[in-house]
Amino acid sequence: MTDMKTGAPALEQDSWQIAGKTFTSRFILGSGKYSNELVEAAVRCAGAQIVTVAVRRAGATGAGGILEAIPAGVTVLPNTSGSTTAEEAVRTAALARELGCGDLVKLEVIPDPKYLMPDNAETVRACASLVERGFTVLPYVYPDLNTARELEAAGAAAIMPLGSPIGSNRGLLTREFIRIIIDEINLPVIVDAGLGRPSEACEAMEMGATACMVNTGVATAGDVARMAWAFGRAIEAGRQARLAGPGRVLDRASASSPITGVITNQAR
Amino acid sequence: MTDMKTGAPALEQDSWQIAGKTFTSRFILGSGKYSNELVEAAVRCAGAQIVTVAVRRAGATGAGGILEAIPAGVTVLPNTSGSTTAEEAVRTAALARELGCGDLVKLEVIPDPKYLMPDNAETVRACASLVERGFTVLPYVYPDLNTARELEAAGAAAIMPLGSPIGSNRGLLTREFIRIIIDEINLPVIVDAGLGRPSEACEAMEMGATACMVNTGVATAGDVARMAWAFGRAIEAGRQARLAGPGRVLDRASASSPITGVITNQAR
Amino acid sequence: MTDMKTGAPALEQDSWQIAGKTFTSRFILGSGKYSNELVEAAVRCAGAQIVTVAVRRAGATGAGGILEAIPAGVTVLPNTSGSTTAEEAVRTAALARELGCGDLVKLEVIPDPKYLMPDNAETVRACASLVERGFTVLPYVYPDLNTARELEAAGAAAIMPLGSPIGSNRGLLTREFIRIIIDEINLPVIVDAGLGRPSEACEAMEMGATACMVNTGVATAGDVARMAWAFGRAIEAGRQARLAGPGRVLDRASASSPITGVITNQAR
Amino acid sequence: MTDMKTGAPALEQDSWQIAGKTFTSRFILGSGKYSNELVEAAVRCAGAQIVTVAVRRAGATGAGGILEAIPAGVTVLPNTSGSTTAEEAVRTAALARELGCGDLVKLEVIPDPKYLMPDNAETVRACASLVERGFTVLPYVYPDLNTARELEAAGAAAIMPLGSPIGSNRGLLTREFIRIIIDEINLPVIVDAGLGRPSEACEAMEMGATACMVNTGVATAGDVARMAWAFGRAIEAGRQARLAGPGRVLDRASASSPITGVITNQAR
C-alpha cells in the first residue's frame, strides 16, 4: 500500500465515511477562539475537510462571516455548544438545519460552567431525539463505555469522547477509557477536547481513533497556521502508525542484531 | 514562513547542521534488525538524510551490502556499537574511517549486557580522544546534565540522550532530564533509543530536540516502510509545533469564545 | 493536633460520618476473592471499621459464613454486585435489609461483562429509588461530574468513584476526574476499584478523598494480612499528608538553606 | 510474621544495617530548611533513626544547635552538601569526622547551581578516596546503572539515587532507572531527593528501595511534624507491601468471585 518510489503511503486510499460522505483527512478543526482570517489559513494548513462552527440565535451573541472563512468543499459541522439541556440542543440543531447547514450535527450538552463537562445522560436523550428527526448525530461525551453503548443504540453516527476538559490543552487524560470505547463500540471514535499538542493527537490515532478534533490547541498557539499544519501531519502519522502495527514493548533493552546493518573491513 | 496557498510551512528553510553539512530532515534512521531491502524502503519513506550503520572487524560477524542499501546522497553515520570501553570505541571509529566512512561517528560505549545502558564516563573519555583525532563525534549517553557539560567541553558535535533502554520501545522515560539538557547545553540534542511510537518522537521534538533517531521502533513494526513514513511525519509535526509555540495548559476548562466561530440566523 | 511526645497525630480526632455512625478508619475493605479466614485477619490488620459483602438470593451462588468472619463492632456494608439494572439493585438492597443488614447499601449496577464498568444512569435511578425507601446509599460510579451532581441531588450519602476497572489493580487512572468531583461535590468521596498498591490509595487520600475501598489489591497479594496492614497505614499517611498541607512543587531544584541543619567547626 | 491478634506485622524484625548498626526505621530525615525546634518534632513524629546534617567550615555560614535538636539515640549522618568537586567533598567529610561525627558520611558532589544535579563521575572519585580513608560512604547520585556499578566496586555502603531534582517535590521521575539499580546492584538503595508526597515514598518502597530520605517534602509542608509522621507511615506501608508481594495487574476488569464474601437468604 506504500508507494516505495515516492516514499509515501497511498493516503487517499485510507478514507472514512460519515453521513454518506467520504473523507481522507482525519483532522476536524474547530473555529472558535480565533479570527476568521486565521480560520481560513488554519483550514488550509491543516488539510481539514470538516470544520465545526457554533450555532446560536442571532441577537444573543451577534457574529458572522465564519461560513465565508471556510474554504469551498469543506464540510461545515454545526455544533450545539451553549446548550445546557437536551431540549436546547435539539432546538439549536433545528436552527442549524434551518440556516442551511444540513442534517449533520455535533451534539454538545454542557450544563457545568466550570469544567464544561458534557452531560452524558442528556446527550443520550438529545441524540435519540435528533436521530428521530433525521439528523446525523456526532455526540460529544465524557468517555463512559455505557454511555457509548446507549449512543450506539440510539443511532449515533460516531462517538466524540473528550481527552481532557475542553480548552485545557491537557491532553489524553482519559486514554484508558477511550481505549475501551474503541475496543468495544462499532462506530467511528473521534477524540475531541483537550488535545493541546500534536503528539497527543498522534497518540490518539495510534490507539485506533478514527479522527481527532482540535480547536484550542490550534487557536492558542503562537503561530496558528503552523500549528494547524503540525496537528494535521501528526494525525496522519498516528493513523499510518496504527495501520503499520507498532512494535512490541520490552521491559528490558534489546541490542541491534549483529547480522544486519553492519559494515566490516571485509564487506567493502 | 508558512505558505498559506499550499498550506505547507517552508520546511526546507528550517535546517540544521552537523559537520559542515546541512540537513532538512530531522529523522535519523538506524539500520539494524531488518533486511537491507527494508532499510532502503524505510529510508525513502522516512525521508531520512542520515542513516546509522554498525562497524565491526570482518570475520567477527560477517555481513555486507548495507551501504549499497542506502540511497545515494544519504549521509552514512557509522556507530561504535559493540564497544564496551573507550579504547574499543576509538578503534572502531578508526576502522570506520579506514573503511571510507569519513570523520563523522556516533559514539556508543555500552558495557552493560542486560539493559545496554551506555557508560557515560567512558563515553566522555572516548569523545575527547576522538575529537583530538579529528572526528566529529555524536555521543550516545544516558541523559545526565553533568555528562552533557563534559561532552560539550570535550568538543562533542551533539548530545544523543536515550529516551528509554535501547530496543525497548518504551518511549520518553527520561523526558524531564532531556528537557534539562536541552535547556542548558548549547549543542544539538538528538533523542536516541527507546522511541517506539511516532507520538513519542513528536513529543521529543515539541520539547525542543533538534532531531530524533529511531531504529527498533521502525524495525519491529508490522509494516516497516509505513512506520518509517509515520515517524518521519511525526517528527516534522513536532518540529513545527515547537516553532509555532504551543498554547498554554489550563487546570480547568475554557469555553470557546462567543465572538468567533459562530453562525446565527441573522448572519446568513 | 500532633502529640509531639509520642510522635503521633491524634488520629481519633479525625473522624468522618456516614448514616449517623462515626468512623476513625478511612479504609473500607472488600471481602470478595479470598477465604473467610483471611478476611478476618485482613480486617484486623487493616484496622477496617467497614467491610463490604455481596448479597445474593440463596441457591444462585450458595455461600455463607462471611458474616461470622467479620469481627464484632465492624459495620457490614452490603453491596448489590451482580445487579445489571436499577431494578435488580433495588431488589438486592431490599434482600439485604430483609437479611438483617440494615439500611446502609453500597449500590453497584454493572451491565458490562468485560470491563465491569458501572452504569451511571441506572445507578442514579436506583439511588433515587433506594433513598425514597429509606436506604443510606453509597453509589459506585465511573467518576463523571454530572453523574455525581445527580447523585447528590438524589440524596446519596457519598460518591464512590472508581480509580480503574474493578479488579485490575491498575491504580488511579481517573485521578483528574476524581479530583474534579472532590472539588465540586459536597459529599464524602470514597475511591473504590482499581487500587492495587498502597501508594495509590495514599495518593487518593492526599488528593482529598474521604476514604478508600480496596478488595482485589488485598485479596491478590502474596501475604493478604500484611497487605491489608500496608493499605491501612498508607491510607492514614495520605490522610495526614492532606491535613498537613503538602509543600509546593518546583520546576527546578532548590538547595537546602545554608542557615539551618548545618554543623560547623565553630558550632561545637 | 504478622501478629494477627494486634493486627500488626512484626516490624522490628524487618531491619537493615549500615556501618554495623541496625535500623528498623527506613525513613532518613533531612534537617535543612526548617527550624531546630521543628526538626526535633519531625524526628519524633517520623520515627526516624537517622538524620542528615550539613557540615561546613565555621565562619562561612555560621549556624549551630542542630545537633542538640536531634534526639538522643538518633544516628547523625553528616553530608557534604556545598561541595562542588571530589576534593571539597573529601575535605568536608574529614571535617565532619574531626567534629566528632564519626566515619559515616552522605557524599554529595554538586557543581550544577541551577538543577543541583550531582556529578556522578566526581562522586565515584570521592567515594573511592573516602573508602580508602576508612569512611562508610553513602553516595548521592543521579540514578545511572554504570555509576552504581562503579560505586559498588569502589566500596560504597549504599546507593542514594535521586527521584527528581533536589528540593523540587516532583516525585519519582527516575523510577524506571532506580528500578534497574535495585534489580542489578547488591547494595541498599536509598531513594533521596525529590520525594514531595508520602505516596511517592511509598511507591519507592514498593519498588524495593531499602529506605527513603526526605527533607524538602517535610520542611515545606504546612504542618511539618504531621507531614513527617505521614511520610514515616507511608514508608512503612510501602515496605510491608513489598514484603507482602503485590497482586497482579490486569488490562481488564475482574469481578469478585461468587464463592466468597457473599451473604444469601439461605446462609442466615
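We just call them A, B, C and D in the order they show up, numbering each chain from 1.
Everything that follows uses one rule, which is that a residue touches a chain if its C-beta (ideal position, glycine included) is under 8 Å from a C-beta of that chain, and two chains touch if they have at least 3 such contacts.
These numbers come from a predicted model, not from an experiment.
K.L.:
By CA centroid distance, what chain is farthest from chain D?
P.N.:
Between chain D and every other chain, the largest centroid distance is to A.
K.L.:
I'd like the Å distance between the centres of chain C and chain D, where a centre is the mean of that chain's Cα atoms.
P.N.:
30
K.L.:
Cα centroid separation between chain B and chain C, in whole Å?
P.N.:
Centre-to-centre distance between chain B and chain C: 46 Å.
K.L.:
Please work out the Cα centroid separation of chain B and chain D, and write it as a whole number of Å.
P.N.:
Comparing mean C-alpha positions, chain D is 36 Å from chain B.
K.L.:
Mind pulling the residue numbers of chain A that touch at least two other chains?
P.N.:
114-115, 117, 165, 170
K.L.:
According to the definition of touch, which chains form touching pairs?
P.N.:
So the chains that touch one another pair up as A-B, A-C, B-D, C-D.
K.L.:
Quick one: in the complex, what on chain A touches chain B?
P.N.:
Listed in rising order, the residues are 1-2, 4-9, 30-36, 39, 41, 44-47, 52-67, 78, 81-82, 95-96, 98-101, 114-117, 165-170, 196-200, 202-203, 206, 215-217, 219-227, 229-234, 236-238, 240-241, 243-268.
K.L.:
Give every residue of chain C touching chain A within the complex, in rising order.
P.N.:
Chain C reaches chain A through residues 111-112, 114-115, 117-121, 124, 142, 144-147, 149-150, 164-165, 170, 173-174, 176-177, 180, 184.
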